[in-house]
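Look at the two complexes coming up: subunit A is in both, with subunit B in one and subunit C in the other.
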Partner chain A sequence: MAEQSDLIDVEIDGVWHSFPKGTRMIEACRQAGVEVPHYCYHPKLSSPGNCRMCLVQMGMPPRPRPGEDPPEPDEDGHVPISWMPRPVIACANTIAPNMGIRTTGELTETCREGVMELMLANHPLDCPICDQAGECSLQEFSVEHGKGESRFREQKVKKPKNVDVGPRIRLDDERCIMCSRCIRFMDEVADDPVLGFTDRGSHTTLAVYPGREMDSNYSLNTVDICPVGALTSNDFRFQMRVWFMKETQTIDTNCATGTNITVYSRQGQIYRITPRQNNEVNSDWMPDSHRLSFHWINDLESRLTDPLIKEDGKHKLADYSQAIAYASQRLQKYDAGEVAIVASARMTNEELYMVNKLKSQLDVRDIDVVARRGEADNYLISDDRNPNTAGVNTVLGVKDPGASLDLLKKDIASGKVKALLVLQEDLISDAGFTAEDLKQLDFLLTSYPTTNPTADAADVVLPGACWAEKSGTMINATGRLQRLNRAVDGPGQTLEPWEIIRDLIQELGGGNGIYSATDIFKQLAAEVSEFNGLTWGDIGDQGTQLIETGAELPPLLQRERARVASGEIIG
Partner chain B sequence: MTLDVPAELEKEIDERITHYPVSKRSAVLPVLHHLQHHFGYISNEAVEWTAAKLELEPIKVLEVVTFYPGFRQTAPGKYHIRVCRTLSCAMAGSYELMESICEKAGIDRSGVTHHDPIAVSADGKYSIEFAECLASCGTGPVCLVDDDFHEKVEDVDALLKQYQ
Partner chain C sequence: MAIVVKRPKLRWWEQLYLPGIAKGLVVTGRHFINTLTGRKKVTMQYPEEKWDANLPEHYRGAPALVTDEQQRERCVACQLCEFICPPRAITIKPEEIPSDDKWAKVEKRPGSFDIDMIRCIYCGMCEEVCPEQAIFLRKDYAITGTSRDEMVHDKKKLYEIGGVREGLVNKWNDLK
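Up next, the complex of A and B:
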């Protein structure tokens, strides 16, 4: 391999590879499939090189003595490497032509053993009661690179424990290995530098400035990047051991950003949500407000679990098929234009596609969704608090969400609209309708995950799955198509909204061979031009750019890209 | 509470900051020295004043203050004594010297910790702490009283008499 363009040849553990100029040694190793253990290094943060865990042996071409000829390159253009007797950190050094890196061998291994022994010297070793156990770099590297014993016979340094550093975070300073990732995150990403090291030396202590709180809406990301159990989430601590939980890769639905997340669940209960890296959507981060907004899903008291049919003004529990049959029987009586639909921009594209089918089946003229506007936060949160407004535009064909709801109200009052289907929305709480407005209707059907005032007013109530209980696709603010994957089952007779709509259509007389969300996606891909040629598999875990919405990337991502371009971070 | 920095001192500090044109952060140490010299110690208000002056977050100043044993976070007495406890002085009797000074000056060191190293006499006249090597290993035990250096200290009464 001759040196071409900007590629540099580097030998890693005896094998030659080529990498772009400027690549950090640690990244070169990663790309070559060789793991270099590290704590302080994080590709989205600056590299202080303070943990020393990534020490490797480095070699360079030998420098000829004066008068001596340089070494002869072999047929690949490589010269023999002369190894340095001292190690270097792989995280903050970049590669050079004909460089050699040894991640194994006596020097590297003794370095790692030494660093591990020093890190563990003051560590409390309280893994049995530590939340990080099972996903702790200190545990993992201790097994892989540690000595298995300690020569430290002295007293461990005592440091503050169970420190309330912010409304959502607790700190155990004795577990801290001083990697400073959290400090750098708060400085560089959250722009709220409240953390620092005080009493540097043998008593180095991670601290919040007295009187201040770590209360940024992005604070919980520090818990994710903490390689040990020093920072723990008040919400998750002591709730569940990490190895018991099932991980589901899905997306956040609290706003149009469509943050990629992992849902951790066990036996139908959600315990934790963490951000999943996607450099086109949310980098490695997510806001605390979105992360912690899942508890209502587990709260069965507030959930609709069975279909309800109103008889003589009172809701009675019904069987699902009974409820569908009753709804269909009532709906068949109306003429064209007398039935209206309010769908939801929280629905998946597949559900919206089924809504369209139902719309033609029932000859619906009035169709809209509920708009949710909020304030963008200059980081990741979009001002559109619906996750799939772009899907509503593209699949449902509603271009101005929420614009015709006032007209609908009038049409209900005038008797023009006699029946209303409210799918996955609560008109009374979220769209300015009153129970009085809905009273004029002859028939009202609603599907929703929780009990709500609109359901109280409805003739038929169907428990419809929430975002964590369904699969499908959504389009985020920038036009990226992303997959939502079912993490847990809905309670009782809860069904995914597309199943409810499918069954309603079937009962109304329109058969279709749909058995899964992927079946719908196939039809969607065939019928909606933007989706033409796409398969479920094409979307992948990182999503795929589907349409141009003209929306800019979230400001946090724009800032991150500028830092990558300036070489400050790897990205 | 804000720090009451006299105009003259602030003028001096402002001038010192101009010595660090690349980054104001570099001026943390000189600014803190000025403040400690004037106020006797670095209070929380002094940390916040410095942070505001240098456009830093207070935690970044506190990091520096807590790193250097030379910066005090509590008020010292009228005279501040530093007794060397590094090897040569320790062998020459600096721990005994410390005990003797404390006894004669009425200082109770029982509340001293790693994070709070200074003890002050009940009358506020003397304060004392251990220091690391004061660079006179041949003439131990040595101590500093404010900026005065004392070698081979044996007669504590005579020492304290000079500082009334």
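Up next, the complex of A and C:
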């Protein structure tokens, strides 16, 4: 039927499907909607085929004896399949023409039961204290494919427990099922092959190379891919059971890569962040430094919770309407060009669009953002540590971020700029301003999630939500538009920055009918040519390519694509 | 289908009802005299008198945490009771057992364990779900307090109520 192209016909559980040549059996089954249980197989890593969980029954067209006629194909061109008496692993074998795969039936099911029984023979029954419980493949598959009882009456093998393998990771060797995913990840993706197996048989033990530790900045990815609780994160250890947490699909804002992440939170508190698969952005991985950079959000001691208005050199608590009214009353006094805005490349496109509106409302000429440069790490971290520089270029129209800040400093000193709005930035800590510089100003307004030196100097301080507390879209280094979703509520009176700017515009010049970030996105899509025709729903959880920035994919992704092309991994 | 109820056929004196009323009065009178003369007591003088000695084995009173004969706190903070609790009365904050502790190999214990007794409905789900035999419903039923805070049983109070329970399955012993 499909033999003329490079598609191959395969029968899976009695139904014929067509797949491209070279497809692994396990991927063919997945595409046909049949899940083959597996532990060691991971599409982004090589396939050693050592867990044996994906055993399936396989059949091929019968081979005629010499002199015998080959079997007659039916009207679809398929010949009857002769089933093999022994099972094969689905993860490391590719499909062949007229192949048959049975993922159910006595052979496959007894194989799975046997494999599960052997895996559980030495596995401790400590699910109540295991962090993996609730998202553990061993738990899931022992329910689906296990025997339901143990025949093992002997003593379980003792192995090292609670081993410090690295600064961020704890290893429990008794829980390890020897799938070797972590070993392959450290070798193939993190380029730091520090893990390996020692000893043999049921005494096989995962260990770190003597004198080394697992300190790669990508080490926590091994915790994600570990199918059991052998590798656990020190940071998340015993913090919260996984079934309590709400999952929010959003993006990382620590650099311009825009890594897709899932934020796990409960009762307004973030407990952990894990990478989310996006083959155009971050594959399945994320750096530890970005993953663990959320703790300040939960630290209410350092957060701004209420608007502050400075009276006689002292900050006094206010509510939002008072603070906005006061700010607008002060701002209306200045002539065109006397007000400047420093926005942030950590703001979403929607917020930048509102900043643009505020800019024309106040007749602002000086507008810039703070640039953040760092070193790219040759994996996923971009040298641009702002998440939305491309959005600043596209939406705000600032082509060279950070270039005019020195000029602004001079203008403040000379008295040309009398009022400054600092939105979601801390000029003193992050942009080389001093408190002296800001003292020259007649009026300073700042919005920021935490207390900071710029806020100390400000006349009006507004608590603005951080990345986990707001919704919007951002454009990453390669020009991909991605959605940022609100995971938790900001503390106290915290508002999302677009709400702050909207309220300020309304106070200065009347209503604008904006009630949500999606409302802004609608206007944005209608007004900014690059966004033309897009809707919030079009963007999807994986984002959509919006503009060409000329930036290359992160090096890790390029290497992964080369490995896919060479057939080493599935991708 | 309708059920046909057979009505009893009353005799003529039964239809009068008066003999029935008289019979009833005799019973009432007997109780009246028995109580008046102190021959029979029906009122228990709570709280001076209590029913405690007569509580059945399966009585569901306040939930409490127990230790075992090895003085180990049984709870490992798996939070299943917190999950199952219908009125969400339980709040647990797990912590790691320090490495110098005798039971360091158990790794995990509750740092804090609070049961809000205003919320608790004494359903016993926590006892049923516990994989470690650590929480039991005791026979304490008079849980009172003068403030909401007082009505929250913390870990110390829970172990105080629970006490030592013997004869439980020893999942964590010298070998394991």
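Assume the second predicted complex is superposed on the first by the 569 of 571 C-alpha atoms of A that agree within 3 Å, B and C clash if a C-alpha of one lies under 4 Å from a C-alpha of the other, contacts with A are read in each partner's own complex, and residues count from 1 in each chain.
Everything that follows uses one rule, which is that contacts are C-beta pairs under 8 Å (C-beta built on N, C-alpha and C of every residue); 3 or more make two chains touch, one makes a residue touch a chain.
Keep in mind that this is a model prediction, so the values were computed, not measured.
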Fit-or-clash call for subunit B and subunit C when the two complexes are aligned on subunit A: fit
First (subunit B), second (subunit C), both or neither touched by A:243: second
Subunit B versus subunit C as contact partner of A:200, first or second or both or neither: first
Partner chain in contact with A:509 - subunit B first, subunit C second, else both or neither: neither
Partner chain in contact with A:208 - subunit B first, subunit C second, else both or neither: first
Partner chain in contact with A:533 - subunit B first, subunit C second, else both or neither: neither
Subunit B versus subunit C as contact partner of A:148, first or second or both or neither: neither
Partner chain in contact with A:567 - subunit B first, subunit C second, else both or neither: neither
Smallest separation of CA atoms, subunit C relative to subunit B, angstrom: 17
Subunit A residues contacted in one complex by subunit B, in the other by subunit C: none
Residue ranges of subunit B in contact with subunit A within the complex: 44, 57-60, 62-63, 66-67, 114-115
Subunit C partner contacts - residues on subunit A that touch it in the complex: 124-125, 127-129, 133, 155-156, 161-162, 237-239, 241, 243-244
Residues of subunit C defined as touching subunit A within the complex: 76-80, 82-83, 94-96, 105-108, 131-132, 171, 175-176
Residue ranges of subunit A touching subunit B (in the complex, touch as defined): 193-201, 203, 207-210, 212
